[in-house]
Amino acid sequence: MIQEGARVILVGEGREYYVRAGKGTLSTDLGTLDLTVLIGASPGDEVATHIGKTFRVRTPRAIDYFAHASRSGAPMLPKDIGTVIAYTGMNRSDDVLDAGTGSGIAAIYFGGIARSVRTYEVRAEFARQAAKNIEDAGLGNVQVVAGDVLEAAGTYDVVHLDMQIGEAHIAHAHALLRPGGFLACYTPFIEQMTQAMDAASRLYAEVHTYEMQEREMTRSARGTRPATRVGHSGYITIARR
Amino acid sequence: MIQEGARVILVGEGREYYVRAGKGTLSTDLGTLDLTVLIGASPGDEVATHIGKTFRVRTPRAIDYFAHASRSGAPMLPKDIGTVIAYTGMNRSDDVLDAGTGSGIAAIYFGGIARSVRTYEVRAEFARQAAKNIEDAGLGNVQVVAGDVLEAAGTYDVVHLDMQIGEAHIAHAHALLRPGGFLACYTPFIEQMTQAMDAASRLYAEVHTYEMQEREMTRSARGTRPATRVGHSGYITIARR
Amino acid sequence: MIQEGARVILVGEGREYYVRAGKGTLSTDLGTLDLTVLIGASPGDEVATHIGKTFRVRTPRAIDYFAHASRSGAPMLPKDIGTVIAYTGMNRSDDVLDAGTGSGIAAIYFGGIARSVRTYEVRAEFARQAAKNIEDAGLGNVQVVAGDVLEAAGTYDVVHLDMQIGEAHIAHAHALLRPGGFLACYTPFIEQMTQAMDAASRLYAEVHTYEMQEREMTRSARGTRPATRVGHSGYITIARR
Amino acid sequence: MIQEGARVILVGEGREYYVRAGKGTLSTDLGTLDLTVLIGASPGDEVATHIGKTFRVRTPRAIDYFAHASRSGAPMLPKDIGTVIAYTGMNRSDDVLDAGTGSGIAAIYFGGIARSVRTYEVRAEFARQAAKNIEDAGLGNVQVVAGDVLEAAGTYDVVHLDMQIGEAHIAHAHALLRPGGFLACYTPFIEQMTQAMDAASRLYAEVHTYEMQEREMTRSARGTRPATRVGHSGYITIARR
């Protein structure tokens, strides 16, 4: 049952709205909706605008925060977040250290899976925004720190870095990782990738770098084919302590 | 602390062994090791063979089961499992229905993340082997059923199918999914993909199909470049109820 | 030495113009240019606008017609034309039959290489436009026919089809090909591709289908990486008689 | 009509042989064949072994030399040769300078298209082997030079380098190219690619680098899908004078 203040997705008529249950009004080209009606509603319920158009209620999942949460830059894509999760084997027993919080999308994903996530963001404004997104996601196990990840202490199963990564960060991650734990570095450029590979290779036992080229397949009356878009986002270097 | 009977990975000297703590001996070209010494050991500990070669102790993570668990066919690749997790936003509150258990690798991944996993496998021998792998992974929340997924009941947040998928399966998944929940279909061939896309499009609100082309990047004294291997595994169709 | 009426490319100041030597004026934001000065000029010469900005003279090559010739639709991309040339081994002794002329870009490429090209286009308006482009390219060995390729006679070393390809076209190509000659079918959609593969497999000894994923690499002060664009154009089926 | 000493391809029964018309015998598991019968034969003719198995006669095309000519290393792939041809717009009026002859396959392709090809190979043994391959291809317009391409003189429309490329080579190519002509550099590694891009960008007006990812599509009773192989060969940098 949806609480006051909770994030809600409304879907229907080919539209999708990201709203908050409680005082306020959603104005659409299909009429307006009093958002207090969402308090106490359940996923799958239908709510109607003043002209009788209905939308279905959805409680957001991680992928919805990727689509709708406030952004302070381009967040990591689901394909890349999925790669980090899969190659590190992230699970509910894990303590995760994350840095380069950005909008907090990766932290929301990790927070839905891991026991705890501590995420560092040096830009205070970004950290504040990410903390709001994470609060919207209802994740009490994710802590946003406005500061430098080099100051992080503790022990972790997975360290994930999506930032300008220096040798010091890779060494610091090594010091904080439990034996068998994983470092994952996301780097958009080749030069950053090779730097991360080299620095990690000096300290870690196993280092692999991947690029995921995602192709969406399209299907219409004319036929089926790969979409004519996208390509590169970044390289993911996975190193194991 | 490692219990008797638990799976352990031993790494060192460029080798990796998947063993069980307890009675028994590991024979390697670097000497033999009494596996009872692993009982009570901790990750990161070193153990030595009779000729003094040391291996480090590691407790397995999902990615290790992909590498080492007994296989009854080619399991889904980490890149594809990660795609399912990311596009469905799988998390610790989820109840997951899985079918086409195979070796149980996807179920092990999902079981480490979700609240519960119920996985169906029609081939009894495969189901038995998968159940052993899942037990080795120490996952009490994953139930293997030797039977047809069309007989599954209950409600789920994610349904994942890696099998010969017919229209009935896609409809049955729809009936079992919670509102806002996701169906993920893995299909190696284009014909299976278009069938899944078409059947899902008739019932689900949003249907997207992805292919992930994974490239590993290699780096040596000669230089850096993509590896000259791999390509295709399968297509992943994600449909939302 | 450039003749009156010949196509000329003018390059400079980050701009590129596709003009015709002779009467007329080119108006640019960098001044105007009397195009009669191009008559008798040579590639590499510089010509100046009335405000003294200079452009270099270039005689067009096939790739320039791809960039600048009048289009009656999306022409085949260089990557795909190159694939046809490479997998058929097209050379100066070849007689080439082409169909689906479109804007004539593939025919211009083939005409620069082969002994003769005969290209069929059922849409008369397209055929007219293509004939103009081909004339601009100065190719006397390329004949545009406004009609159905099923009416083509003669013998050929390479048959290239970029159109709605039916079984009849694939059979007709087989009848016209010299022993050891090649059929190349360009098909944007998977359904067309499998149809072409199946029809060709019944008649031809060797059938292979390729997709070329082109990635442009970018390099800036920030670093080097693949461009974040493109993907799919079409499939190329190569069959040998 | 096939002359004595000419290269011939024999195909049939799922086999393919690369032989020479004239004295000699081909021994196969389907019987032996007196190769003098090929003198005077025509493409498409059938010849029979002593046990009556027939093979069809084919005169080789460029793609056949790629498959069958003696190799002194891994030659450039057709996909990459096609890219060079397409992005340079290579045609029958061109004079081409080639370096890093290797087995001569690219030179055979270029020789079948261009007016003249001059190809440099520093390793004398490779140059000798390439010259034999080129002679087998019957190309009188291709000259193999055992030496350093920096000693090349003349003017060219296209310069193609498949070798360790230094700044001097890129500058020398610039000096030899006609206005509007193209330099194409093939480099397997990223470091070589960025070096070529940087050196070319200092001298040439337009510089683009491409990678072609070729996927073969497979089709069987089980279905259609991309082949699970290949990936990377090299990067192609195209610079225009």
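As written, the chain order gives the labels A, B, C and D, with residue 1 at the start of each chain.
In this text, contacts are C-beta pairs under 8 Å (C-beta built on N, C-alpha and C of every residue); 3 or more make two chains touch, one makes a residue touch a chain.
Being a predicted model, the structure only gives us computed values, none of them experimental.
Interface of subunit C with subunit D: the two copies contact each other largely through the same residue positions, with over half of all numbers used appearing on both sides. Distance between Cα centroids is largest for the pairing of subunit A with D. For this pair, subunit A with subunit C, the centres built from the Cα atoms lie 45 Å apart.
If you average the Cα atoms of subunit A and of subunit D, the two centres end up 48 Å apart. Between subunit C and subunit D, the centres computed from C-alpha atoms are 22 Å apart.
In subunit A, the residues that touch at least two other chains are 190, 213, 215, 224, 226. Subunit B makes touch with subunit D in their complex at residues 188-192, 213, 215, 222-233. Residues of subunit A that touch subunit B in their complex: 9, 11, 43-44, 56-59, 61-64, 78-79, 81-93, 109, 112-113, 178-180, 182, 190, 193-194, 197-198, 205, 208-217, 219, 224, 226, 235.
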